[in-house]
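Taking it in order: structure first as structure tokens, then the write-up.
Each chain gets a letter, A, B, C and D, in the order it is written, and its residues are counted from 1.
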């Protein structure tokens, strides 16, 4: 490159648009939790293939047997095989958790959007009610409804848990809807003639779905915990219907006979599933660019 | 059709706070806009200029006064419903903060095509995508941006997409609510050139709302100055900047810093005494097209 | 006279998910006592990062990767936070852009100013501190200081809050005052008052000031020397008169030409095409080359060094190289408004 | 801000009474309408053997035949006079039944409440101070795990370890027989249930304090504090924490029912003689009078705490007033 050539004026040479490196969200993806969760859920759904014994059969000879070759996870005080009980029971716990969340989310979406769009006084009233509903201890409410409905089965329990779990999601949806409603692209869309359903479909729904996902996932978790607690206390599913909760309700007697496996094994499954759900939920909530601390 | 595109008559709007406190955001404002004109509305924050813009776009229902657009009073709901289609397509608005004026969940193509899809108009250039592409190239962006999301664009590009969306319906009136306030100087110039280009080529008149007075001086034909909800002075740009009449306009113009060190150093700015500002008084025409808010007696 | 502050080839990198952003690249400048140095540039050019690096107010993800900062003759580049604390407020202090969020909303104004005094003079009696606060409030033009001592930030207007922040910054009468876009969030009339206040304080107390801004008008009002920054580097530095009336760097020309105030009758504003580069992997040569219509071939290959125009006026562009073709600056027509 | 405090508190009191009234009507009606026969709890098995007339006479005696609203009005009159009727199951005056047991619940819930919120504040500040360092990471992981363990299973696990295998701590009852007034014995009985109550709520509030504190450290006034020369400790404690406290205190008020009232699981597992199990039984066996009092107590507690939380929020945190002011400026901007 001669000096003369170096100094010739070449003007603007638009630099090649370097493709901006896509910030991959894979970095923080909770692989372990997702794999574990799917494994547990799949095994529960395919319980029939895995079950070695009939979970409901009361094998009176060998009750309270420690885990051995035949009974992989041992048997409980009524002689039922825990291994097959885990998969069969798991399916019920998960279905209740799922149904309850579907019900809770549905009520929350309706309640939240109405409250978000309603005039100030109605919105205030609905939020006061939601707050009071939220501050009543959840279990007492469920317990109260449960006692009234009498004997529980999978469906009634899901409805009861669902009906008492909607308040927190509703509050989040209401704040989001209120925020989106006043944002400028909704004002612009309304100026252009966008009617209520156009705005709801194109602008409101897609925007508040993402931020509600975290709450929905957490609701599945709370529903499963509520179900197992109720069944443990003898208020949820009766003994004959096997779920992780009802299996643990035999733990009282197990404590006397110091048979640890009746308590530990169902418990570990329950805690692992809940842990995976929480990790997935937290991953969804992590805002993409958290500003660094100024401290 | 009369030459006046927009005629705002004694517009007033109040915001209710709690049961008793009421804030008079816009107080008895009247002005007209001719077709093909760029009318600047300036004032500091809290002066009510954005509220006027939103009343004109029917976002707020004003407490009092009339707004005639092509002879139709947009505030009267019956008239509005009769001409709804025309009103909604021929008036468009663009906002200051480009991040919140575009839906983050929609691609650029859908954003630009939204007005057309709302009104189910058959796009003249074949598909909605082709139409969006044409509008995008008009505002100086190539079609590779069609499938991008607003978060992937810079501030200037987002504002261009907002303008493309507004222009896709060939509007007669474009209300620009501080379109360049949050952009850098060099990008501001690009957007201002684009707006001037739209005005000249499309003949669409622009209501330009800003607090950057040097930009208004460059772009607008006539300027209105607002203070605390009152319109204090309206005049052709040259006349206003040459000899401002109202004390507030004088203070405002003297406060603009000029990029010239020597001139700037020995220039002291005039202070405006808020207490002396009296809200009553009518618009007196002291020169052709130059109106000032003044008490009747003091001529 | 000995410089109050000397920065030599300072380089600062900020780690971000999309890669390391080189916010400040090899910046050198000095600040003399009683002088107002303005740093002008568009958003993303690193002017605010440079300003915060001097006082080490950088977030954890930012690191000084090279160069030296010499404050009052002492090299504070690798000072630990403990040592920096003694200097902050005493040697230099800072005013921020958005007065709405700069003050703690739940503590009365007077108390926040008193806290700034007590840090560096712990032994002062309560009574003396109170008088000092009142004196500071009067200095920055807050009327009825006694009543307003107890009020909360939300009782104050934007302008008043910015004055309180200035009172806090001047509490331990620092030698250097760093102002990071102090008037951007304010209205025009209040901005004029705050700029006049800055000038009064600078003349009365003689504090050297670094004013960071993107508005050439604001800078013209109170700057003695001006440094133009682009993509993390200083591209032109000189006295206000030199930079405004005889700019030599194409970027400065571009900035001046896109100002409506300077081309009153022009049909169309002359704009700088393209967009500022992301500083994750800046181009080999001059970062402004790809937007510069006067770019030379060498601009795409090598960074231009600082060329000396006069003792106080320097510009980093190959156009000033003797071998470069002579072109007259397009600013001929402009000048006094 | 307020015209006069009397009007403000008057309005609040009115809202309180109204909510209590609505609650009482709801509880009264729901319990009456629900399926199930109240006589079961009064006469137990003998109800099957009783003939139809006897049942009628028994129902008449207990006044269960009148329309519900008459029963409600009668209940309100008695309640005004301070006697809430007798519990069908325990055949004692309802207040005595509750009185004997409420003390235990208050001890367990009360101490649990204090420990939870003190611990949550300490833990939250600790995590925020060591943000993104190993301390914070471990505590977060541990806290999330703890919050994933259902309360009843945690109790079982601790009983299994401490009571069954190690035999250090008793696993049931409030005191051993015969040691009624030996307070040391009572304390040992309290240790396990108290740990459960605290561990159950600790991380939820600690995580909230941590996140609110971290949010404050992102604020601009932190930079101003640093540029004054304040140390990290001063800024964190004097400025950031001070802004978190108002919402923390109102959170404490709102969660009184959760922590103090939510002890029935622990009471059942540890067969601790609190009012926990009572509320379930009364609902299950339609012991109306007992049910009404228990529900009203919880309900009133909830509404009262909500009100207090709201008032605290407004009084302490000037920002709430600021929000109102900001809202005013937002509305009139331009």
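Just so we're on the same page, a contact is a pair of C-beta atoms (placed from the backbone, for glycine too) under 8 Å apart; a residue touches a chain by one contact, two chains touch by 3 or more.
The model shown is predicted, which means the values in this text are computed figures rather than measured ones.
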item	value
Contact-richer chain pair [B-C vs C-D]	B-C
Chain closest to the assembly centre - both centres taken as Cα means	A
Chain centre separation (subunit B, subunit C; CA means) in Å	32
Centroid distance [mean C-alpha coordinates] between subunit D and subunit B, Å	55
Rounded Å distance between subunit A and subunit B, as computed from the means of their C-alpha atoms	47
For subunit C, residues contacting two or more additional chains	57
Where subunit D touches two or more other chains, by residue	219-220, 223, 226, 232
Residues of subunit A engaged with two or more neighbouring chains	20, 292-294
Residue ranges of subunit D touching subunit C (in the complex, touch as defined)	219-221, 223-232, 238-239, 242-243, 246, 317-319, 321-322, 325-326
Contacting residues of subunit B [partner subunit A, same complex]	54, 57-59, 84-85, 88-89, 91-95, 97, 100-106, 114-115, 118-119, 152, 165, 169
Complex contacts: residues of subunit C adjacent to subunit B	42-43, 187-189, 191-193, 195-196, 214-221, 223, 240-241, 244, 254-256, 258-264, 268-272, 275-276, 335-337
Footprint of subunit D on subunit A - complex, ascending	131-132, 135-137, 139-140, 143-144, 147-150, 221, 225, 228-229, 232-233, 235, 248, 251, 255, 258, 260, 263-264, 267, 270-271, 274-275, 278-279, 282, 291-295
Residues on subunit A engaged by subunit C in the complex (per definition of touch)	1, 3, 5-15, 18, 20-21, 23, 27, 289, 292-294
